[in-house]
Structure formats: structure tokens, C-alpha cells
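There are two complexes below, and they share chain A, which is joined by chain B in the first and by chain C in the second.
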Partner chain A sequence: MPKLDFDIITLGHGSGGILTNKLLEAGVFDLLSNPLLDTHHDGALLNLTGRVAFTTDSYVISPVFFPGGNIGELAVNGTVNDLAMCGAVPKYLSLGFILEEGLTMAEFWDILVSIKGASERAGVQIVTGDTKVVERGKGDKIFINTSGIGELHPKADISVKNVRVGDKIVVSGNIATHGMAIMSVREGLEFETTLTSDTAPLNHAVLALLDEFGPAVHLLRDPTRGGVATVLNEIARDRNVGATRLGIDLKQAAIPVLDEVAGACELLGLDPLYVANEGVFLAIVAPEVADAFVQKLRTLEYGQSAAIIGEVVAEHPGQVVLTSRIGGRRVVNMLVGEQLPRIC
Partner chain B sequence: MTFHLHLTGQVQGVGFRPFVWQLARSMKLKGTVSNGADGVHIYVNADLQTVRVLTRRIRAEAPALARIQSVKLAEVEPIDFGDFTIVESQAVGQASLLLTPDLALCDACRAEISDPANRRFGYAFTTCTHCGPRYSILRRLPYDRPTTTMAPFGMCADCEREYHDPSNRRFYAQTNSCPNCLVELSLFLASGQCITRDQSNIIQQSIDVLASGRTIAVKGIGGFLLLCDATNADAIHQLRERKHRPTKPLAVLYPNIDQLQQDCFLADDERALLTSPASPIVALDKRPELPSGLVADQIAPGLNQLGVMLPYTPLLALLADAFGKPLVATSGNRSGSPICYTNEQALDQLSAVADLIVTHNRDIVVPQDDSVVRLSPVFRQPIILRRSRGLAPTVMMTDIPHSNANVLALGASLKSTFAWQLRGNTYVSQYLGDLESYDTQTSFRATLDHFLTLFDAKPDAVLADQHEGYFSTQLAHELANIWGIPLVSIQHHEAHLAAVLAENKLMEQAEPVLGVIWDGTGYGTDGQIWGGEFIKYQHGGFERVGHFAYFDALLGDKMPREPRLSALSLAFNIPGADELLRPKFTEKEWNLYTKVGVQNKLKTSSVGRLFDAVAALLGLADKVSYEGEAALLLESCAARYVRVNGYTTSQHYLPETLLKAQVPTQAIVAGVVNDLQAGLPVGQIAATFHYTLVQAVAAVARQMGVQQLAFSGGVFQNALLVDWLRYELEPAYQLHFHQQLSPNDECISFGQIAQYTLITTN
Partner chain C sequence: MPKLDFDIITLGHGSGGILTNKLLEAGVFDLLSNPLLDTHHDGALLNLTGRVAFTTDSYVISPVFFPGGNIGELAVNGTVNDLAMCGAVPKYLSLGFILEEGLTMAEFWDILVSIKGASERAGVQIVTGDTKVVERGKGDKIFINTSGIGELHPKADISVKNVRVGDKIVVSGNIATHGMAIMSVREGLEFETTLTSDTAPLNHAVLALLDEFGPAVHLLRDPTRGGVATVLNEIARDRNVGATRLGIDLKQAAIPVLDEVAGACELLGLDPLYVANEGVFLAIVAPEVADAFVQKLRTLEYGQSAAIIGEVVAEHPGQVVLTSRIGGRRVVNMLVGEQLPRIC
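Take a look at the complex of A and B:
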């Protein structure tokens, strides 16, 4: 951490004046340095070819530091993963901060270091950014927005329109880990656990899979907020899927969940299918490549626990149906507001 | 002169045409009688006076199972009949019949299958005009052999003779068959391999398997039943393991009433129920000694009562007689799924549970579980716990104002039913199961489609609960869209109250009625979870005048599965409750859950959860494996105490006055905790708790100055509570309970219709 004559963020740091300059010049630019950022223009001039994917996401999380990471790497990985889910090679990110007055410089620095590390791991450059400061009480320490641009992988043809009956649903790793790790440190709900967030850049694994399986990969999604259940419901309900909507069948026994995560979910009465993930993606792939796809994925970073968890069916269009370990079939719905008890 | 009589009601499949034929012949009348989709049509040559006599005698002498709703008389163009004849059915008119439920094996048929000299000796599909399947095999209206799944079976010469012989019990019996023109049994291994179609051999092999402690699946009326030896603990244990059903009570099938009576106390009204054409499962108090060797604590752990029934089909009678001992009989389904009713389903889904599958080639159209009924011990108040085979789908004329509306109601979720008011009748489907299950959703839709086809109509409006997460609510939205009709949401507890009001013809009276609506969960208009409601009904309007004080609803659907969480929610702040609560949780759970409570925003007034809390505090159940388990255990515990001590308690856990008809939920729990700390017997505390609830009703009724009380909600499946209310409050108050419907959520669909008619009239 550079030597500074202040150790907490004040309103002045967002004024655009001398303090802002001090903050950025003293650390941010040096830390994240790359030729494009170093030009200090109002915007970055980029060299891109072919089809381009573009995405944005804002990150608000409490607590900001959690087991296995912090909001900084989440903000990089999240946008990198969104690009990867389009079948794109992530290239450039923008970085916007909204800081709350009172954030310590030490915390901010830790976050910046994480951002640097994450962007290096993902192989992306941060090329433009912005910083604002809001009054104490009007933010939750720090909010981050990142936008990302990537070039489409030449073999990628990712579209919900490609999904058809018989396709297999693959999950790249254990589900619900991130959400339960966060839950375990949430204020007032702390419980003892060794769980850490699984936040990770998934682009390398995805691109390796696209190299090998190309258009047999029909759809990629990262089941973040709302978890696997919500994403699969969105897919099942998507009216773009062919002429009619499709159904999805899941096998509970096939869904990888760490024992500790399953235990924590049971403890809180939560269904892991609805819990958020960060380092996990869902792939819908042609049935003929499904086994090879999973085999390959298991050799890649973050893919060791990959599994086929279900398939696309013509039955029950618009619905996701889970076959439980003991054979019962349950409809996995969209969540309606907060989880309400149902039993009379 | 020629007159036309049009009769509506439950007039088909009950021997009505043969009855009219005989009556007309005895009166020397000429004409015809036939079934139409809209009822029975009679044409007769007679003068007005004679026709009036005929009408009167039809009403007075109709077959016991018939229920005549209306008779329309009109003079028509003269036709000259040479004779009185039964003519084939015509699909005339708009379908507006009451559907005849399935009818249990009658005594005459039972005697025939047991008589070696009879040609139907040992024949598993013996029926007559008084018995056999009806609703479950009906594909279309009007009811006639070709419109049922008996259609593919021809009759042999002997059966034809019976069918056309007016003096025969099988005169115009549409389900008639015999060993020469048989419905064919077949026996399968769990592997799906058919071993035999030889009828007598099948009974013997089944008995051998049962005797060796294994399980068989048998196709009944509404679906497959799983049977095993009820005197063999290992057999029952194995069945429970295979069905993933650790503690939920299992029904027992006795071969005959004598054997049943040796194990259970049986009053006359209970006997009448057991042997009625509906032949439901009846919950009876078991005797201290069970001569049959029944393993009661495995069959109904922790309960005083057993759910028992008698063979209601010839096949069950043959099996039970041959086995000679009571059999466990539970519906054949995959965990959480509806009962299997096709041969394919059975072979697919029951192979993991049953060692042998006994099936046949008469199809079931409408799947149904066995109905379950109990009578309160003192006041003999009938309580329907599940309304299905033999009772569904007909509802008797009830007091729904402006019943000409054509409206479909999709009910709730856990105990799903739908109801349809059409052409002046209200049909309430059989219990269709828990809509959380995909297979239940499928069968719910299929049953609904079947109704739409039977009556060849579509509703003008569709009704749903206010809980947006219910499948039934989502389906209602979908149907409203497809048909372009309005959807109306009805509050859960108002639907409960409307149901019990309509059943008791209270909707149009001027005097106010206090609805006491207690259940587990219903979506409240304030976004909270209601379940301990006092709702006043007057002049067609509902007003929530009081409720049980809110407490924390913790951890979603985990709370009803774990009564200890209700105990924590309600007793946490009570001094000294710690030592009762603490041992129910691990340290990790305790640390977490005590914090969850602080953060929690969702509140409930559920009496179901209050029962859970008390049961957990008394050490009866910390976690449950079936819905209502804790409440049943608590009732059983209190009932044992009351049986010895009578309704003698005067102590209760309420403060002297209630503020604004609010029942102080926590104070009740504090009373329980106090008595526990004072070392009072658990049974006494359980009884005092029941009495407290009675006093809560009394206190609110007093405050409201209302004399008419109506009770609905799953809590009123509790027979001890029902009796105690009547014991304490009658005759100062008039108490009204459900009659034909269950107080649980099965009544919601009907209540939605009753409530809707009020909305639309006011």
C-alpha cells in the first residue's frame, strides 16, 4: 500500500478535484497499470475484431470481505464470466466505484489488489474507470460496477434457440457454495463453517470447451443470483426456444453439492437449488458430446466436480421438475418473493 | 295423453331405470324410461292424476342410493306406447347430473362369491345394481356400459339373461360380468413378468407372499393398494422403509366386522359408516388387547386410534378372507406422488415397493384414494379427514346463493381439490393430493380435463387462493388467460368460513356468525401467515375481528417439519423455558436459530404451529415425518387423560380478558411451560391446552356478542377439541361444523365458490 496522508475515504475523494487526483495517482493507476489505462484519456480506444460481446453488472454485497474473497474479485470475475457465457473471450473491463464516506483506505487498497489479481487471472485489462463518493449512510462501504467487452470465440454458437429436446444439462461444479459462504458471515446469522466462496474466472475453461465442442455447446449460463433453479426456469419459460417451450428434468442425486453446504442449507431450511453461485456455470450441450464434455471439464480448473444433472424434455413445457433421491417428482418453481411457507 | 318427466340428481348407476320400469309396470302404465346426460327421462301414457301418483311414488320409493334433485313434468305430443320399456341412453341435454360415487361390495354379492354353489363363487368382479364401480370407470355421460370402461367386455348368455330379467338384482346392471365373460385378473412379479392369469391361483399365490411377510400391490377401485400382513412387524417395517414413510399411520383392512371388533371399539354409527356403500376408512379406538396380533405401535405409532376398513371390492374380500387376518392397506404410490391407477404406472412405480402385483384389465378413469372419516367420541360429530372414493364428487344441495353462476375454483395446495358450480350443481373433486409433486399436478389437470369433457362446458370465471406460489393459483392464471375469463382471488380463511357456512345453510341468515378458522398456513391480506383467525360474517360480508397473537414464522417450510422450531419461536422469551428448549438443538443450531428469530420479519398466527410448539415442549415430537403428526400426538395424549379424568379441567392458560379478541399465544405457551416446571403430568397439560382453546373461542364469542359459531380449518380434524367445544359451549351457542367436506384445505375450493357468489351478489 502506498504512503498516503489520509487513511479514510472522504467526500472530497469523489469531488473530481485534488483529493480525487491524489487517490488515483497515488495508487489506482499504478496498481492497475496497462498501456490503455495509462493514456488517461476520457475513454479507451480499443482494437477489436469480429463479433463483440458487451456486458455490464453492478456489485453490492454484504459483507464486502467474505471467506474466499471480496467484492473486488467478484466484480471482475462476474463480468468476465458473463462474457464467457456469451461464448466470448473477455478482453477489456471498465471499473466504476461508488465509495461510502468512511471506507478505510486499507480496505479500499485490499479490494484494489484483489481486482488486479483477478484481472490478471482472467487475462483482461481494466481500461477505463470512475470513482464517486457518497455520504456516510448512503452506501454500503463500496459498490462496484464493471462493464466488459470480449471477442466472440469463432466456434461459439450460444443461443437459447439452439436448445432442443434430449440436450443434457451440465453443471461445472458444486452448487450453492458461494451463497452459503456469504450467509455464514452475514451479520446476525454467523455460523461456524469452513466454507469459502467459489468465485473464480470461468473463461479459460469455457474457451477450452468451445475449442473442442464448438456448436455442440448450445447454451451457457452462470447461475448467480437465484441459483440453478432460477436460471433453469428462465430457460424453460423462454418463449424463444423453438416453437414451443421446453421442459427440464433434473436428478437430485446427480447434482453436486458439498456435504458442508448441504448441511448448512438443511440447517437454514434452504434449497441449494436457489442459492447463489459465483464460480459455477451451467452448460446445455448436445447429448452425443455430453459425456466427453464432462470428462474434459473435469480436467480443467474449477471443473473437477462437473456432472450431468438433467436433460431437456418435451414433457411439461415451461417447468423444471426434480426427481428426488427417493423417486418423488417435485416442481422446482421460480421463487415468488420471499420464501413463504406453504404447508397447511 | 302423454307426459314427459325429467328427473335430475343422482339417478344413474343406482338401479333407477329398473326401478321406474317396475313401478310403471305395477301401475300398468305404458311408456319408456332412458338415461340422458342431463338426467332420467320418462315418457308415459296416463292422465294427469296418474302421472302425479307416479311422480310421488318415484320420490318416495326410489332406490336407497338415488338422490332426486328435481322432477319436471310436462305434457307432450301424444305418443302411443304398446308397453313400458327401458330404451338405450341418449346423450340428450346438457350434462347436469350428480355423478354417482363408487359403491362398495354389497352383502348379496359378497354372499355369492363365498358360496361354492354360486356361479360367481370366487369371482373378483361380481357386482350388481347396488354395488360396484361408478365414478371411477365413467368416461362420458350418460352413465351406461358403453360410456364406462366396461365397454370392451361383452356379456355371456347368462349375464344377458340377468340383465334383461326385471326380477333380477342385475336387471340393467351396467357393470355385470361373470367367470364366463370375465374381467381378467393377472399376476405380475416386481420385475414386470406376468406369471399367471388363472384366477384362483392368483389369490393363493398372493396369500403365500403375504404370509411370508412380503408386500403385494392390488388394483382396487380408485387405484392400487399395497397390502402386507398387519400382524408381522418385519413386514410392516419393510413396507415403511420401501415407501419412505417412517411414522405416518397405515390403514388396516379386516376380513370381516367380527374380527375388526375384537381389536377395536365399535359403536353402531361407526359400524354403519364402515358398512355403508362409501365404505371409508374409519378411525376407531383400539382395544388394550389386540387378539388378532396386530402390531399397532408399528401401524399407528403414538396414537390411540387405528384407521380400519372392510373389503369394498370382491377382489379385496377374496384376498382378506383367504388370508384370514388383518392386512395393512395403504395407497400404492411413489413417495409424494398420487396413487397409481394404470397397470403401466403400477409396474413402473410399485416394483420397488411390492413383491407381487395383482392387476386386471378393467381400466380406472378417475384415480381416488380411500376416504377417511372419524366420529368425535362423545357427540358423534362426523369429521371427514379425506373425501375421496365413495364420497366424491357429489355435494348435496347446499345454500349457495345465486347458484346459477358457472364458476370453477382451484382450491389450495397441500390438500388439493377443485370445485365446479355448473348448471345449478356444485361438484367437489376428490382429494387430489399435494400439488408440490409434479405427478399430482398432472393428475389434478387430468381430473379437471375429465370434468370439462364430462360436462362439455367451460366456466365463466376461475377462482384461486391469494398465495401466488400455489400451483393451483398459477394454473388459474393460465386458464383465465386461455379462456379469456376473469380470475378472482379469494382469501384462504374466508374461503374456509364460506365453505362451512354454505354447508350449514347459514349464508343467507341475518344473524351474525363468528367463524373460528384455525389451520396451519394461509396467506393473509397483510402478507403474514394466518392460521388462528376469528372472522365475523354478517350481511354477506367478512370481517377479521381477532386472531391469535403473531409470532415469528421461522425458516420457511422447515418450521412445520420441525415442531421444535415452533416451540423455540413461542417459548424463547419465556423465563425458564431455556432448559426445555435447549436440549432439542445442537449448539450450532441453537446459536443460529436464536439469532434468526431476532432478524425475522415474517409472522404467523397459526394454531397449527401452536399445537406443534406445545407438542414439542411436552416431548411428543421435535421433528415430524408427516403433516399434522404433532397435533395428532398431542390430541392422543390429551384424549388418554380425558378418558380417565373426564372433561374436568377448569384451569386454562388464558388471562382474564382478551384485548380486542387477540388470543395471547405466548401466554398460553407460558402456561404450558409453567405446568411442566411444576411437574404436572404431560397428559394433564395436553388436556388443559385443549381446554384453553375452547375458552379462547368462548372469550371471543362473548366479546363479539355472537351466538352462532362456525368452525373450519385443519385444526378441527381434532375430535377431542370438537367434543370439548360442544360440551362447553352448547346450548348457549350454536356450533356449526363441516358436514360433507373436510375441515382441512380440501374444503377451500368449495369455499371459494361460496365466497365468490357473495362478492358477485353484493
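Take a look at the complex of A and C:
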């Protein structure tokens, strides 16, 4: 951390004046330096060609520092992953901070360092940003918005419209890890575990898969808030219109969950299907490539536990139906209410 | 407003589950509907060609509803204007909400309606979004991030590097109006006035000026937080390196300020040069086009009070120097500390 003449963030750091400039020049600009950010204009000028994906997410996770990461890398990885889920190669991120008066500069610096590391790992550039400060008690340490731009992969054709009966549903890794890691340190819930969040950039794996399988990858989604159950319900719902209405079958025995996560879920009476993930994606792929897709994914970073967990069916259109380990079948609905606020 | 079975925003509306879907489908998606947003994917797919400007801003203004507008239209206009200041034609916006539990649906709806109206007036599409909810006391009603993408105007060549000795400094309208309108309703400061914020989209005027004057427009900046004084100081500072260091001379008598704003500033002991603007831009233009530029600007929306207020000089490099109405000269520094927090 650079030597600064202030230890905590004050309202003045959001004024746009000398203190804002001091804050940015003392740390942010140097740390995140790249030719585009260095122009210090109101926006960045990019060269883009062809089809481009654009996405945004605000991160309000609590606590800001959690086992396995902090809000900074989460904000980079989350938006990188949203772009990857569109079939795009993430290129540029914006960074909007809403800081609460009283945040220590040491904490802010740690978050900035994580942002830098995460953007390097994902291969994206932070090209433009904004910093606001709100009074104590009008925010919660730090909220971060990242918006992102990516270039569509030339072989990508990702759309819910491409989902067909017989398609296989692949999950890229163990589910529910992020949510349970956050719960383990949440006030009033603390329980002993060595679980860490799975926050990770998924774009490199997705790129390799699109290179090899191209349009046989029909849909990609990352099951963050609301978990696997909610995302699959959204897909079933969106394919519940028009001529070819579709349902989704899941096999509980095939869904990868770490023992420790399964144990913690049981302890708290939670279904891992509803718990948030950060380093996991769902892929709906053509049946003829499904096995090869999973084999390939298992060789890639963050894909070692990949598995086929279900398929798209013509029955029960609009619904997700789970076959349990002991053979029973039940409808899996979308998450009702709030399982755990501010999980991302 | 559509008929809903809830009146206030709860944490569940940020869960990603049924309540989030209800909130979005009951109102947001319908109101802001366009083909790109309607895909409901993690991101939007855009067709872009050539050079593109990308910008972000978070809006935390308090109060959320103020004379002349609300945070919704401010968030659209602000990002539209940042794109225009890059010499770009704004095209697409993202919209990230951080809602405080307890915000009424009626207030949220009013803000959404303003967002719709503002994006129509500016000619931009909201193409992707995100909604988070934080507990009561961890936010302040609503924070909004808008990020934006625009296509660079083919004739634009906007850069601080293009600023030269002799260039004229043009302001597009009366300064300090937004800041004084907000102050007039700020708790502990209330004073009687009919002032309203000048929040407005400046992109149409900028487009017309770039069409006509192209690369003779050397720099564009909107003096929001920190006001005209801070932005001109940033420009002087950025041109205070290398071989051709430059200063800025301002003529107080030429700076347009509404009488009511000047009066309110005097009452509060504030210098209008430091007060925030939302519907005003500064242009630094080649001297040979300056008069024609101002004449044209005066015929355009929001440009009726445009004036040449100063020029770029070889003297006092890095400094902004004001000649007062009575002929005195003083250095105008960047805003120190915080004049009024959360002005945008």
C-alpha cells in the first residue's frame, strides 16, 4: 500500500475535488494502470468489431471479506462469468465504487489488489471507473458495480431458443460451495468449517469449450443467486411458450456436492440446489457431444468435477423434476423468498 | 403502475428467486421493454463497429426526488452526457439497482418511469440490468449505476492533448443550478427558492456541434461534482506535463449564472464555480470557430445561455486564474474537502 496522509475514507473522497484526486492518484490509477484507464477521461475509447456482449452486476456481499475471497475479486469474476455465459470473450470492465464513510484505506487497498489480480487472471482490463462516498450508516463498507464488454466467440450460438428435447444438462463443478462458505461466517450463523468460496473466472474454460464444441453448446448460465434450481426453472419457464414446450429432468445422484457442503446444508436444513454458486456454470449441450464435453471440461481449470446432471424432456413443460437418490420424483420450484440476503 | 401484491421492496426481491422475477416481470421488463432487454439473458448482444466509448457512473444523490427530477433520470442523463463528452453517440445503457429494504414500490415505479422517459429523450436503450436489495440501514432508498456504450462520432477527436494556447473555453449554459437546487431541499439547509435541477441529456447538442465543427472541438467535459473550477483544474494539470505546459484564464463577468443561483450562493457563502452541474458542458475549441460554435450552441436545446468564459494561455501553466468583475486576478484551485456530499 502506498504511503498516504489518510487512513480512512471520508465524504471528501467522493467530492470530485482534491481528495478524490488524491485517492485515485495515490492508489487506484497506479495499481490498475493500463493505457485506456490512464487517459483519465469520462470514458474509455475501445476498438470493437462485430457482435459484442454487454452486462452489469452490482455486488453487495456481506461480509466484504469472506473465506476464499473478497468483494473485489467477486465483482471481477462475476461479470467476467456473465460475459462468458453469453458466449463472449470478456475484454473490458468498468468499476463503480460506492464507499461508506469510515471504510479503512487498508481494507480498500486489499480489495483493489484483489481486483487487479482477478482482472489479470481473467485477462480483462479495467478501463473506466467511478467512486462515490456515502455517509456512515447509508451504505455498508463497499458496494461495487462492474459492467463488462466482451467480443462474441465466432462459433458461439447461445440462446434459450436452441434448447431441444434430449439436450444434456452439464454442471461444471461442485454446487453450493460459495453460499455455504458465506453462511459459515455470517453473523448469527457461524459454524466451523474450512469451506472457501469457489469464486473463479470461468471464461478460459468456456472459451476452450466453444472452440471445440461451438454451436453444440446451446445455453450457458451461471447459477449464482437462487442456485441451480432457480436458473433451471427460468430456462424451463422461458421454453414454456410457443410450439415446443420443454421440461427439465434432474438426477440427484449425479449432482456433484462436496461432502462438507452437503453436511452443512443438512445442518441448516437447506437444499444445495438453491444455494448460490460463483465458480460454477451450467451448460445445456447437444446429446451427441455431451460426453466429450464433460471429458474436456474435466481437463480444464475449475472443471474437474463436471458431470451430466440431467436432460431436457418433452414431459412436464415449464417444470424442473428431480429424481432423488432413492428413486422418488418431485418438482423443484424456483426459490421462494430469501434464503440468505447479500450472497453476492 | 401495475397492480402488484406487494407495496414495499423486501430482501426477497433481491434473492434471484420468485420475488425477484415477480418484481422484474411485473414492472421493470414491461416498462423498459425493447428487443435486446427482452432476451432476459445475463447480458445483451449488440452490434457495434469501429471505435466505441464505454463509461460508468454510480448515482447516490440525496434526496432521491429533488426539484426538477429524480435519481432515475439523473442516472440516465449523467451517463449519456459522459458518453457525449467522449465525442460518442450514446446507444446502450446498463442499469444496476441497489435498493434499500423498505423502499416503496410507488417510489421505485416513479423512478422507473423517469428512467424510461429519460432514455427515450436521449435516444438510448436500456439493454441489461441487475437488482440487489440490502437491509434497512445498509443503503439509502436507492443507488443506481448506469454504464453506457456509444459509437464515436466520425469527426470527433476529443483529447486533452489537443488543447492549445489560444483555444477558447465555452460553457453551454448557466452554471451551479443543479447543486443549488439540491441544496435548497437538503436537510438542515432548506431555503425558499423555485430553482430546479438542470439535469438534461446533452448528446443531441453535442452531436450537432461535432457534425459542424468536428476536430475543432478539442475537449468536452461536464462539470458535475466539484464544478467548473475542479474540471478546469484537472485539464490544466493534465496539460502541465511535457513540452507545452498550459494554463487557463477565466473571465468572471462572462460566466453565466442565474440571478437566483448567484443569490443563493452568496447566502451560503459558496462560489458557483465549485457547485455541481448536470445539464451543462464545457467545450475547449479552436479560436477560429469559437464564435460560430457559441452561436450554433445558442440555437440548440439547453444551449441558449452558452458563452465564451475564458481561454487557454501559455502563462501560469497548471493553474486556473480568474479575472474578477472588478479586474482583480486570483488563482482558482480544485475543490478542497466536501462542499455537499451526494450531489449526484
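Here is the rule we use: the second predicted complex is superposed on the first by the 332 of 344 C-alpha atoms of A that agree within 3 Å, B and C clash if a C-alpha of one lies under 4 Å from a C-alpha of the other, contacts with A are read in each partner's own complex, and residues count from 1 in each chain.
Keep this in mind: a residue touches a chain if its C-beta (ideal position, glycine included) is under 8 Å from a C-beta of that chain, and two chains touch if they have at least 3 such contacts.
Since the model is a prediction, treat every value here as computed from it, not as a measurement.
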Task = Name the contact category of A:35: first (chain B only), second (chain C only), both, or neither.
result = neither
Ask   = Does the superposition put A:45 against chain B (first), chain C (second), both, or neither?
value = second
Task = Examine A:329 and indicate which partner it touches, taking first as chain B and second as chain C; both and neither are also allowed.
result = first
Task = Check the residue A:17 against both partner chains and state whether it touches chain B (first), chain C (second), both, or neither.
result = second
Query = Can A:221 be said to touch chain B (first), chain C (second), both, or neither?
reply = second
Ask   = After lining up the shared chain so the two structures overlap, which partner does A:188 touch, if you call chain B first and chain C second: first, second, both or neither?
value = first
Request  = Classify the contacts of A:56 with the two partner chains as first (chain B alone), second (chain C alone), both, or neither.
outcome  = second
Request  = Check whether chain B or chain C contacts more residues of chain A in the superposed model.
outcome  = C
Request  = List the residues of chain A that touch chain B in one complex and chain C in the other.
outcome  = 333, 336-339, 341-342
Message = Residue numbers of chain A touching chain B in their complex, please.
response = 188-192, 267-270, 316, 319, 321, 324, 326-331, 333, 336-344
Note = In the complex, chain B touches chain A at residues 244, 334-337, 349, 352, 412-415, 436-439, 441, 467-471, 519-523, 529, 553, 555-561, 588-589, 591-592, 595-596, 598-599, 602, 604, 608, 627, 714, 744-745
Ask   = Within the complex, which stretch of chain C touches chain A?
value = 10-12, 14-21, 39-60, 62, 82-83, 85-86, 88, 92, 94-98, 127-130, 132-135, 137-140, 143, 145, 147-150, 152, 158-160, 221-222, 224-226, 230, 234, 238, 274, 276, 333-339, 341-342
